[in-house]
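So that we are looking at the same thing, I have put the structure below in structure tokens.
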Amino acid sequence: MIDKVFPTPDEALHDVFDGATIMFGGFVTAGTPTNLILALQRRGTKGITGIANNIGLGDKLDVLCEQRQLAKMIATFAIRASGARQSLFEEQYRRGEVELELVPQGTFVERIRAAGAGIGGFLTRTGLGTLVQEGKQIVNVDGVDYLLEKPLRADFALIKAFKADRLGNLVYRGAGRNFNPAMATAADVVIAEVEHLVETGELDPETIGTPGVYVDRVVQCEPVPVRWYG
Amino acid sequence: MTAGLSRELIALRVARELREGMVVNLGIGLPTLVSNFLPPDQQILFQSENGILGYGRISEEEFDPDLINAGGQPVTLAPGASFFDSATSFAMIRGGHIDVAVLGGLEVSEKGDLANWYLPERGGGSIGGAMDLAFGARRVIVAMTHTTADGRPRVRTRCEYPLTAPGVVDLIVTDLAVIKVEPGGLLLTEVAPGVDPDFVQSRTEARLRPSPDLREMEL
Amino acid sequence: MIDKVFPTPDEALHDVFDGATIMFGGFVTAGTPTNLILALQRRGTKGITGIANNIGLGDKLDVLCEQRQLAKMIATFAIRASGARQSLFEEQYRRGEVELELVPQGTFVERIRAAGAGIGGFLTRTGLGTLVQEGKQIVNVDGVDYLLEKPLRADFALIKAFKADRLGNLVYRGAGRNFNPAMATAADVVIAEVEHLVETGELDPETIGTPGVYVDRVVQCEPVPVRWYG
Amino acid sequence: MTAGLSRELIALRVARELREGMVVNLGIGLPTLVSNFLPPDQQILFQSENGILGYGRISEEEFDPDLINAGGQPVTLAPGASFFDSATSFAMIRGGHIDVAVLGGLEVSEKGDLANWYLPERGGGSIGGAMDLAFGARRVIVAMTHTTADGRPRVRTRCEYPLTAPGVVDLIVTDLAVIKVEPGGLLLTEVAPGVDPDFVQSRTEARLRPSPDLREMEL
């Protein structure tokens, strides 16, 4: 029987290499693979290109800045309007120590979906006439201009779900879905942190949010308590 | 100096634009206050781009990390709510299925250009869902203070900050006025109680055309 | 309170007009809005452009050929390999009485999704070097050729789900999902036939396959018994 | 005339190509038989493009219209099965997440071009999921009879029928032989029991290069 379960987050990350491109699921506190992020911090992998919706004050991802593990972030939220307190990422960004590519959130997730779905690119109006347009091809279809956006994939995706079975089927909960299902389709190695593990066959087929075909490794972890930083 | 509306009253005025059955996305900051000012019997569906349709008030209960709005705030669910992933959420936003987006603003131009993501003084910013909402929502309402803290007008002939989207704003609601963006320019339709239209114009860079029906806001 | 429920399929179709473009959910027997199709037959609407995965022997959609209601079909399955028995559609197609645009199934559903998602077009390799390529723009991205495929939308979508509430939230069952969720996003008026109706608030938010925002009208009907024609 | 394999034995030979953990899509017709020839302890995930991953055998029970494979046949579910909509299903297929697609064929060329959807003699055809599977699956196996009923070779220097996809076929399994499509042309790796390689070539339009390891199929 297929069994994708790994005993610890650290073992699940055993082949993550320096310079890897890594996706991180999660939207602020929801669906964030905190245990995997902490294991990646312990592992000390350097030169990471991170792909995540947000890296900010209070985000667990910011811990990767403690030892300067990030070389670049592709994100939608990174620099806060208020400058009262700064994240480590913001400090390093201001010092020119880390690169940042900001992407509109809808384009961000659609680029990830495209990579997973074999779509070579898609046309969107989001970003037209703004800085986002720079360096991108404009395609006119039936008299309307669109930006051509390209797929975004990664070597690894670290994601979080509520439940899994040993085959890697995932069930999400609430707003914990967010970027996790799309990222699960768009990386060479997909590692899922889950709160509950059940035997294959115990999940209701109607409720599976990510079919096991997309998931390479599963680790069951106690969720790390989070506090709202709003 | 005339006192303008509080943030709460701006939100209250925006809430008056919403109708039964509308699907509404409230941006981070001032716009999130809007949901506090709706009659409880009015069924409005609030969409949050992180994957909820039909959330309710800000939650006072124990914090559930998987039940937050796009601002990271804990929320409750209204009857008929549903969850979905971000790809589905932005398909909803970009596909024109959101009736109204209420967004914060740094600047709005007389052509309805919106700038609300990049802060030159901070040398950066965050886009989040703002661009997608600005391009995708059927109607865009910007809720903001009429000027910056140091008195610089936010309603301008053209935006000086990098744009979020060109020509997308339909209505501007500030602490001083309600302004409609029309093909011919900006139409001043309402002023805050006790505020003179000339005063509003003096705090606005763009030219405002007073509506024939110009009146004081009802709050 | 919002209530999108209509008492009968016939009343739910009250404004379907001659010459309308109409999507039909369903894959052979699964998730097919049979009661709505029968009501459309009774209504006698003419000059329809139909968008459906399949129209073949045994498919309920074929009844629309009895009174020549279809002017054109956009489909993935329409002409069977075996000529032993023909559907009415096949007969009319051979006589040149109805037009047919065949689309690869993945392109078919992605075009519908694009229409619902505000995507102006997308790049796919499916169809390259085949008859499907004819008349389409080829876009090269990073050295790879792709076909540019355009969105596909409709005036009406007739879909089928397992359960609905009065707000129009839909829950699907098994392989009854198929094209229904995508079609629900890509038509001006979306009409859903469902087996069970519940009050708003009774559906588990985790199980909703189509959020109510997409659905305009709901009709509860006894499912029409179907037989497998394979 | 040498008797070739039955449809069931072609399916059995194809089944030998499948390994534990593979995600496999079986096309309509002959390919659907493949699932009947797998050891019951081998966990292979069958994907059906209408929205099931992990279906099992053809069902003998009461017909459930919502539980069918892409051929419209009633199926059972294997443990760990999941349902999804067609957009998700074809994202899976087109995104390279299907390890093996077993497709029927009308013609295959020496370059691995596949024609399996358009029947000139019927003046039409159906594409279904065939083009997406042919372009998207990591490995494409074509299962078909070596010639048509009236003896016309299906393995050809070039396809005469309209293509499903150019250069996609990896392996051809027929009633007479197993043929690998390689960059340099077609490699004859196995013949059906009692069938002579020369006989296979005489029923093939394209030139077959016999493999140094050419052997009889083990069935």
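Order of writing sets the chain letters: A, B, C and D. Residues in each chain are counted from 1.
What we mean here is this: a contact is a pair of C-beta atoms (placed from the backbone, for glycine too) under 8 Å apart; a residue touches a chain by one contact, two chains touch by 3 or more.
From a predicted model like this one, the values you see are computed outputs, not experimental measurements.
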Contacts common to chain A and chain D (chain labels): C
Gap in Å, rounded to a whole number, between the CA centres of chain D and chain C: 28
Geometric centre distance via CA averages, chain C-chain A, whole Å: 33
Between chain B and chain C, centroid-to-centroid distance (C-alpha), Å: 36
Contacts with two or more other chains, residues of chain A listed in rising order: 110, 113, 117-119, 124-125, 172-174, 205-206
Junction residues of chain B - those touching two or more other chains: 83-84, 90, 93-94, 135-136
Touching pairs - complete list by chain label: A-B, A-C, A-D, B-C, C-D
Sites on chain B touched by chain A in the complex: 48-52, 63-68, 70-74, 83-87, 90, 93-94, 118-119, 122-132, 135-136, 162-166
Chain D-facing residues of chain A, complex: 1-2, 113, 115-119, 165, 167, 169, 185, 200-201, 203, 205-206, 208, 211-214
Residues of chain D defined as touching chain A within the complex: 20-21, 23, 43, 45, 47, 53-54, 77, 79-84, 90-97, 135-136
Residues of chain C that touch chain D when the two form their complex: 27-32, 53, 76-81, 83, 90, 93-94, 100, 102-107, 109-110, 112-113, 124-132, 162, 172-182, 209, 223, 226-230
Interface residues, chain A side, partner chain C - complex: 110, 114, 117-125, 139, 141-142, 144, 146, 148, 150, 172-174, 205-207
